[in-house]
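Each of the next two complexes has chain A plus one more chain, namely chain B in the first and chain C in the second.
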Partner chain A sequence: MSKKSKQKATGLLAIFENPGDLVNAAKKISGRMAINKVEAYSPFPVHGLDHALGLKRSWIPWVTLVLGLAGWCLGFILQAWTSAVDWPLNVGGKPFVSWPAFIPVTFECMVLIGGIATTITLFAACSLPRFDKPVLDHSLTNDRFALFVDRTDVNFDEKRVEEVLKETHVSEIKNIL
Partner chain B sequence: MEIRGNKIITEPLVNPEQTYADVNADVCKPLESFPTKKWWVCFLIASGSLLIGSALATDMFRRGLGVLGLNQPVGWGVFITNFVFWIGIGHAGTLISAILFLFRQKWRTAINRSAEAMTIFAVMTAGLFPVIHTGRPWYAFWLFPYPNQRELWVNFRSPLVWDVFAVSTYFTISLLFWYVGLVPDIASVRDRCKNQIRKFIYTVLSLGWRGEARHWNHYEMAYLLLAALSTPLVLSVHSIVSFDFAVSILPGWHTTIFPPYFVAGAIFSGFAMVVTLLVIAREVFNLKNYITLYHMENMNKIMLLTGMLVGYAYLMELFIAWYSGNPYERFIFANRVGGPFAWSYWIMMTCNVIVPQIFWVKKWRRSIPIMFVASLLINIGMWFERFTIIVTSLHRDFLPSSWDYYIPTRYDWGITLGSFGFFFTFFLIFCRILPTIAMFEVKAIMKFGKKEYGELGD
Partner chain C sequence: MTDTPLHNLTRFEGSRLFKKFLTVLLVIGIGFFAWEMTQNAHRAWANFLINYFYWLSIALFGLFFAALQHITGSHWSVTVRRVAESFIAYLPVSLGLFVVLLFGLPHLYEWTHPHVMETDPILKLKTGYLNTPFFIIRHAGLYILCFVLGGKLVQNSLRQDKENNAHLTVANSRLSAPFLLLFAILYTLAAVDLMMSLAPHWFSTIFGVYCWAGLMYSGLAMLALWVIVLRKKGILSDWVSENHLHDIGKLMFAFLVFWGYIAFSQYMLIWYANLPEETPYLILRTQGPYQPISLALMLGKFVIPFFLLVSRPAKRNQGWLAFCALWFLIAQWLDVYWMVIPAFFEKPVFGMVEIGIFLGFGALFLWSVGTFLRRVNAVAIHDPRIKSALHHHQ
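Let's turn to the complex of A and B:
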């Protein structure tokens, strides 16, 4: 980890009572003022926020697809190899690789590996678990919504940002130092 | 829901006067106060039953399986019945959390957390039975394919091995899905904590979740994917459980209708259990503003539908037995309906086919006492369904000289009681330490504060 990312982020935290106000403010700050180092906090996923902040669609489905298919292959190979290669055992005169009988386990392996991979990827993508970042406000997991504007952004101008925020229905502006 | 002109008027899912802060306050309240007397009474009964079951199971392991009521033709009895019963109970949780999610049924949000918890504890309970039924639980690891000095592998063509994979995958994925759903809510609980030890525990469990928009973006996608993986999984699990029977060549078991019939039955019994649990939970923990009569009514409608599906399967089994012209098949079904175990068949028929018909009447569908009694009867009926399928198909086999009756002993019943104790002990502890309602999902469907906001309103 570089020295910069270890530093505590400072900036302005604008708190809203209402998800709609958060989206409108995010549009103004991120869109009109072209500030990129913006982060929004909400107690539940707010739709339209990803668009307002210019977030792309999550890439996790690709991981699920690839690892799900890998699980499918692994499950099948495990069964075929144990039944036909490692110890070929004649069960009821069936072929050694009697693939229709292998489908249930193959399917379960796909779901198992795909599901575990999805969960691990989710937490890795969010770089969780991580406990050193401070909880900015206790109400952000309860009933309020916030927009954090980072001071280190090139387009950051404290007065301008505060002015723009005051145009919205902001209920509180905190200076995070 | 009612229709006026061209407008559909829906009942509110959450009492419209509730605010976001109310959701946290109401749902977290049982976590932050000392348990009530009611809770202690329930907990003592549950853990007492668990103790009785464990003592009897220990004694059974010492003496051997001879203490059970199993005999020569009836090699599978109450334990396998319990296994299928508990696996079935779990299915409603996954249906609510995954399938209703994919169908965008917003009413699921109030009930999915407790239903998923029920799934996990039910699958844990179910998993005990095949293991203790072997009588040698210390060899349970032989079920899994692992490289060993005997150089033996499991037989992958056996439905019993499919079952091992299906049930363990089902448990793992349900647990992950449940935990992923819990993370934002644990973070909410963390931010309310005043006690430092509590705060530390919930901080670790929440993994440091802060509700960042970038995280929500990934989170929603991962949640959707887990739902998409769980949907075929839940259908596969009970299909595979039914293969344990259907792949054998025993009359009464060897039928192609089994997979859909078992899945419908699992959802039926699972919803009955959700109704039983939620009628109690919404009363004890005062959650009537979130788990409304509308939620209960919807679950009763699903019970009505799945009850008729299993009713269809019962009748179709009889018809096919007759239509097949196979004398053994005909005998086993005639024996089921009118033989020594007819009492069990008719308990099943009454509880599963006739009882749910009361839900045609809207007034009864929305009556808490009626649905509570009906859900208990359906649970009993579904237990006897599995008992009927297993025992009546076995007790009169091809040779009349080996026919026998099956009488479960106090070990069978005591360990069954213990399984209920096991399940309820876990469920009661869950109600005390984790939010029983998915708070963030409920907030996301609330209309509160979204008046001027086009994209969220519906």
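Let's turn to the complex of A and C:
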């Protein structure tokens, strides 16, 4: 992965003026032409784009669930061990392992560990932060939307892709070399 | 042609068989109540109180939800708001049932007996609040609020269907503010009066919120159930998509967690402080014969449905959401049972009487809401936010 990602991706960049056109083009390219190596760029989240690109649900919520539950257990065990095993502490005559008293900290540990784990996983999964990606077009972080079709995709056929893109309301097609 | 699927809106019509079924349930409910009155009047009235409070809370949820959507200017909920508004139809019935409940007060509340109030030094000091006339005034206040401000809210919404006037939406969002404020106070009083005063020595300052969490919990489930039924009948299928169901599901999940949070807060503070005037209520319920009920409540109202409803597909699948909604409604009943029954019996009582009276009240609720929906559009068709609601995405 590391070697491949260092190589500069080449292909066609179609730029659109509004998000609806982007979704329509994404449907055509990834749906009708079955090209998988497609990337969409937008200054804000566009509803229906994930579906049009054929993206599956992210696996990151599972990391949150599993590590959140792990944090829950850890928080509880930490308190039970410190107050009953390592240094037994009598608080108001209550049992050493008084679970109701442990719940708030247990809950906080779940939120803290689940939250931090999600952030770290997200950064790792997206290999962020990275600065080596070229700027394809300056308007993409401002007011325009784009679809990048990678040349290395098995179904990539430059002429066909260009034809299909021209059927949509594309405002500009850039050839990225 | 308009952008909304106006031409597709048909009225709700319950099948003949369903109406007969409701009549049978109502007769069963009345029958069991009357029969139990001759056997054990305490049990009959306790069940009457459980169901009175349970179904009243669901009906009040309808108005609360409508006011909440107006005051927040929500777009997503426009197509399901009318279903919530229709819950108001049960309130006149509930008022009638309250009059019936007044006959049961001496069976239910210790504080209605003057000799108890005079001999008990603590209760003597509470006489100013715990007396029958003031009890009726407080509860009547809730009904007046719901009929006057709540009725106006629903009336404006229905008028908009005919007049296509966007100003009515503005008027409703203005009405919602005083309604919600007064509702918070009066519902807290209703919870204290109907549920907490069963144990007149005991108090919990979080009790009103606890009951309100249950109101949202069961009300959202009832809303989800009605919306799904109307979708299956084809009335709401063009108006309510998986995205709307997903939002109702998210709110159900949110209030499930909220209930868990409030219930634990109430429990932990009493447990931690360990004060003799606060603990008897929980000792009675969490130890001895009622312990299984408390455990069932913790698992059945929080832990199990948490995992049933946590995932995204669970909230978007209408069959699964309907199953969860039924689960929620049963769990809420158990919660009200948990509040009422230990005040009367040393051991949990459960049998055909409990089920029969529950079904009788349920029949009244479904009948009144169904009748209301037969007469009005199931969607607020001229709400200015309707187009935005129809294009709601996640």
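Here is the rule we use: the second predicted complex is superposed on the first by the 175 of 177 C-alpha atoms of A that agree within 3 Å, B and C clash if a C-alpha of one lies under 4 Å from a C-alpha of the other, contacts with A are read in each partner's own complex, and residues count from 1 in each chain.
As a convention for this text, a contact is a pair of C-beta atoms (placed from the backbone, for glycine too) under 8 Å apart; a residue touches a chain by one contact, two chains touch by 3 or more.
Since we're looking at a predicted model, the values are computed, not measured.
In the superposed model, A:R57 lies in contact with both chain B and chain C.
By the touch criterion stated above, A:L140 is placed in contact with chain B alone, chain C being left untouched. Put chain B and chain C next to each other and count what each touches on chain A; the higher total goes to B. When the shared chain is aligned, chain B comes close enough to touch A:R130, but chain C does not.
By the touch criterion defined above, A:G48 lies against chain B and chain C together after alignment on the C-alpha atoms of chain A.
Common to the chain B-facing and chain C-facing surfaces of chain A are residues 47-48, 57, 92, 101, 104. Only residues 17-20, 23, 26, 39-50, 53, 55, 57-58, 60-61, 64, 68, 78-79, 82-83, 86-87, 89, 91-92, 94, 98, 101-102, 104-105, 107-109, 111-112, 114-116, 118-119, 121-123, 125-126, 128-131, 133, 135-136, 138-143 of chain A touch chain B when the two sit together in their complex. Within the complex formed with chain C, the residues of chain A that make contact are 47-48, 57, 65, 92, 100-101, 103-104.
Against chain A, the residues of chain B that register as touching in their complex are 19-21, 24, 145, 151-153, 155-157, 159, 161-162, 165-166, 168-169, 172-173, 176-177, 179-180, 184, 187-188, 190-192, 203-204, 207-222, 225-226, 229-230, 232-233, 236, 240, 243, 439-441, 443-444, 449-450, 452-453, 455-456. Contacts from chain C toward chain A in the complex involve residues 264, 267-268, 271-272, 274, 310, 312, 393-394.
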